[in-house]
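One chain, subunit A, appears in both complexes that follow, with subunit B as partner in the first and subunit C in the second.
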Partner chain A sequence: MSGLGATLLSSALSIVMATVLGVLLGVALTYGWIGLRLAARLYVDVLRGIPLLVLILFTYYGLALFGVNVSAFWAGVIALGGFATAHVAENFRGAVSSIPSGQMEAAKSIGLPFVNRLRYVVLPQAFRRMLPPWVNTALEIVKGTTLLSIIGVVELLLASQQAMARNYMIIDFYLFTGLVYVAINFTLSRIGARLERRFTFARS
Partner chain B sequence: MIDYHFDWTVITRNAGFLADALLLGLGLAVASLAIGCLIGLLAAYARLSRWRLLSGAVWIYVELIRCIPLLLLIFFLYFGLPELGVRFLDKFETFVAALSIYAGAYMCEVFRAGLESIPRQYVEASKAIGLRPWQRQRYVVLPVMFRITLPSISNNLISLFKDTSLAAAIAVPELTFAARQINANTFRVMEAWLTASALYLLTAYAIAIALRQVERRYAAIR
Partner chain C sequence: MTDPILLQARGVTKSFGGVNVLKGIDLDVLQGQVVSLIGASGSGKTTFLRCVNLLEEHDGGEILLDGEPIGYRDQGGRRVRLSEARVSAQRARIGMVFQQFNLFPHLTASGNVTLGLTKVLGKSKAEAQEIAEHWLDRVGLSAHSARHPYELSGGQQQRVAIARAVAMQPRLLLFDEVTSALDPELVAEVLTVMRSLAESGMTMLLVSHEMLFVREVSDHVLFLEQGRVAVEGPPSQVFDQPENERLRSFLGRFHGLFGASSA
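Coming up: the complex of A and B.
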């Protein structure tokens, strides 16, 4: 069951990458000057319009072509992370636009510079609001790691298929693998629900 | 930038192949959406039924499917079912079955929310004019519910269309499979994947625009 490690590691790396880059991209998408905003919008729309599997295969074959020799694992993480970045950016934009504009104006009027307005006023509220869609994106990522099996990363699905090839216990192994995914995702969504409950105190 | 010479003749030579693949993907998505809507509608009614056992069973179905990766479901139906003695499905039917089961869980949630959002007064009014229970559903509840849930249905169609790319994993010759084939046969990596990406993107946008028109025509009554 070394596959479970690969599944968890690739999910975690992609989620971290997507969260960091996604928030940055989300800021560009919301507050950037027009050129930056258009570029961010293009990135988000294009990546959300292409199936994840195509992105993974494209990254896997395409990166090698540009002389970047990465393993299948890293190609997959880059593709997954890039895909999720677009989703997180869109979640962030949605969260920010749901914050009353008076908040930003009030922060401006007390003379906070842009970075501080973001840091102390907008982001704390935005994070609270984007928590539910963020958990959904995380679940999508965990499920998306199964696609890495297609480019030969031995994650949970491929590991269990290899085990099946040895012992022919096909039904048992698929059911078991399914249960592991359900366990991971159910735990994640419970944690998400709990965090949500903890952070809703400030919603008026 | 490295030295890469684009050679788009690979694409023009395979245009027919790619077009067939794209249409197949669309067909798979539409078929799965239709079956998925049926499953979802039945499941939504079951979910809202007063019978605890039934609504509990549907809850488990929805939660399980939403936690299981689609690829696992496809492999389970494709490799697992024959073990259990179900051998009559070919790979297309298996894929549509998997995608429908998957879509059914999502549509169930959509329809449940839709059914719950219908004002009680509608049902009471239709009772008052003496409609039978099935007439109430047929002429009052369902039409309103479909209008309310139309945007979610079209979003689901788009994501199902993107999910048809997973059919490549069981060698259904749709767009991803076609691109992979071109990639493997000719080594024109960029051409193959750029074309596939562009086709997916354009089709998704075309569906979105077309359905936006439908939505405008049948917009929910506010």
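Coming up: the complex of A and C.
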């Protein structure tokens, strides 16, 4: 089970990276001045358009080409995180645009400056709306870590395959591996559901 | 009148995509006065109100609060927009109550009131809480301070919104058709709160279709028509002896409440 750690760690790192960068990119996408907004839009559209596997391979070999030497593990995290960043950014934009414009106006009218309007009025409401798609993205990331086996990261899938090569218990191992992913993702979606309940402030 | 001029608008213009919504509005609000804007929809009254609070930006003319230009400064004959921080500071001195309440749904009634107190005025949590309790009590909602907006009726929400605005101790309070989204039986409770604020000396600028209320509380009434002030004067003059044809027909629509309808 040596691969489980790599799967969990690369998932967690990618999710954290995607959440932080995705929200920042989402702010740029929603409120940035025109140049920044276009750059953010370009990033989101390009990254969402590239197959994840291509992105992982490109990051792994491409970074080396630019003289940036990162391990396969970190190349994988960057690729997964970068991919999910685009999704989180787009989810953020969607969540913000579903908040009535009167919220921003009310926040303005009590004199809150921009950063505080985001922090105390827009973000709490946006996060609640982002939660379901965010859980989705997290699940995709966990499943996406299997693709890191292609560039030689010994995560859960590759570790299982290596074990199978020794004992030929193919069905058993794939079944078991699959169940481990289900267990991880089920846990994630339970956490998501709990957060959703925790942050519900309106019956709607 | 010896009261100083609190708000002064001179030749305020505003257009949306080539349509001139405001064609030069002049208006003075003295300290402690209640001034009302009436007129048909599309006459520009709400747009003007929003310009005062910089939710819209006027294209020309100037709006002065305590003699200080709102939103822009003049730099060698050129209009320069003020920084975000300056604009926010100006907004903090002007309270606004909206037609749709616009309470923050993720905060309780008291959280709605304290947000500006702590984050804008820098008051301590305890002090803000005390001020919030005071104002929620003033609007008759002390029992509801821990409730979220979705647990309150429209009239209660609007009263929280008034508490939120007035707790900031603004120089001026703006009311934008604040009873228009309420069920008829809830209108009175909101008007009662507004009346008591007016009596306490709060300077208020309101846009309203509650003509009886406007006539009762206003010191000065402006009838806007197509982006201009068509008629203005004390309520007795505007409501009881309207000479302007359009004003007469406008008032006539209010169920014969005024002498104008018989004309």
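Remarks
Basically, the second predicted complex is superposed on the first by the 201 of 204 C-alpha atoms of A that agree within 3 Å, B and C clash if a C-alpha of one lies under 4 Å from a C-alpha of the other, contacts with A are read in each partner's own complex, and residues count from 1 in each chain.
Following the convention adopted for this analysis, a contact is a pair of C-beta atoms (placed from the backbone, for glycine too) under 8 Å apart; a residue touches a chain by one contact, two chains touch by 3 or more.
All values reported here derive from a predicted model rather than from experimental measurement.
By the touch criterion defined above, A:F186 lies against subunit B but remains apart from subunit C after alignment on the C-alpha atoms of chain A.
In the superposed pair of complexes, A:G5 makes contact with neither subunit B nor subunit C.
In the superposed model, A:S109 lies in contact with subunit C only, and not with subunit B. Of the two partner chains, subunit B is the only one touched by A:I50; subunit C is not.
Subunit A is touched at more residues by one of its partners, and among subunit B and subunit C that partner is B.
Contacts of A:G152 after superposition on the shared chain: neither subunit B nor subunit C is touched. Within the superposed three-chain model, A:Y120 lies in touch with subunit C and out of touch with subunit B [touch as defined at top]. Comparing the two interfaces of subunit A, the one with subunit B and the one with subunit C have no residue in common. Subunit B makes touch with subunit A in their complex at residues 2, 4, 63-64, 66-72, 75-76, 79-80, 83-84, 162-166, 168-169, 176, 179-180, 183, 189-190, 193, 196-197, 200-201, 204-205.
Across the complex, subunit A meets subunit C through its residues 100, 102-103, 105-114, 116, 120-121, 124-125, 128, 199, 201-204. Subunit A meets subunit B in the complex at residues 46, 49-55, 57-58, 61-62, 65-67, 139, 142-147, 149-150, 157, 161, 164, 170-171, 174, 177-178, 181-182, 184-186, 189.
By the touch criterion given at the top, residues 53-55, 84-85, 88-96, 98, 100, 102-106, 115-116, 119-120, 148-150, 161, 164-165, 168 of subunit C touch subunit A in their complex.
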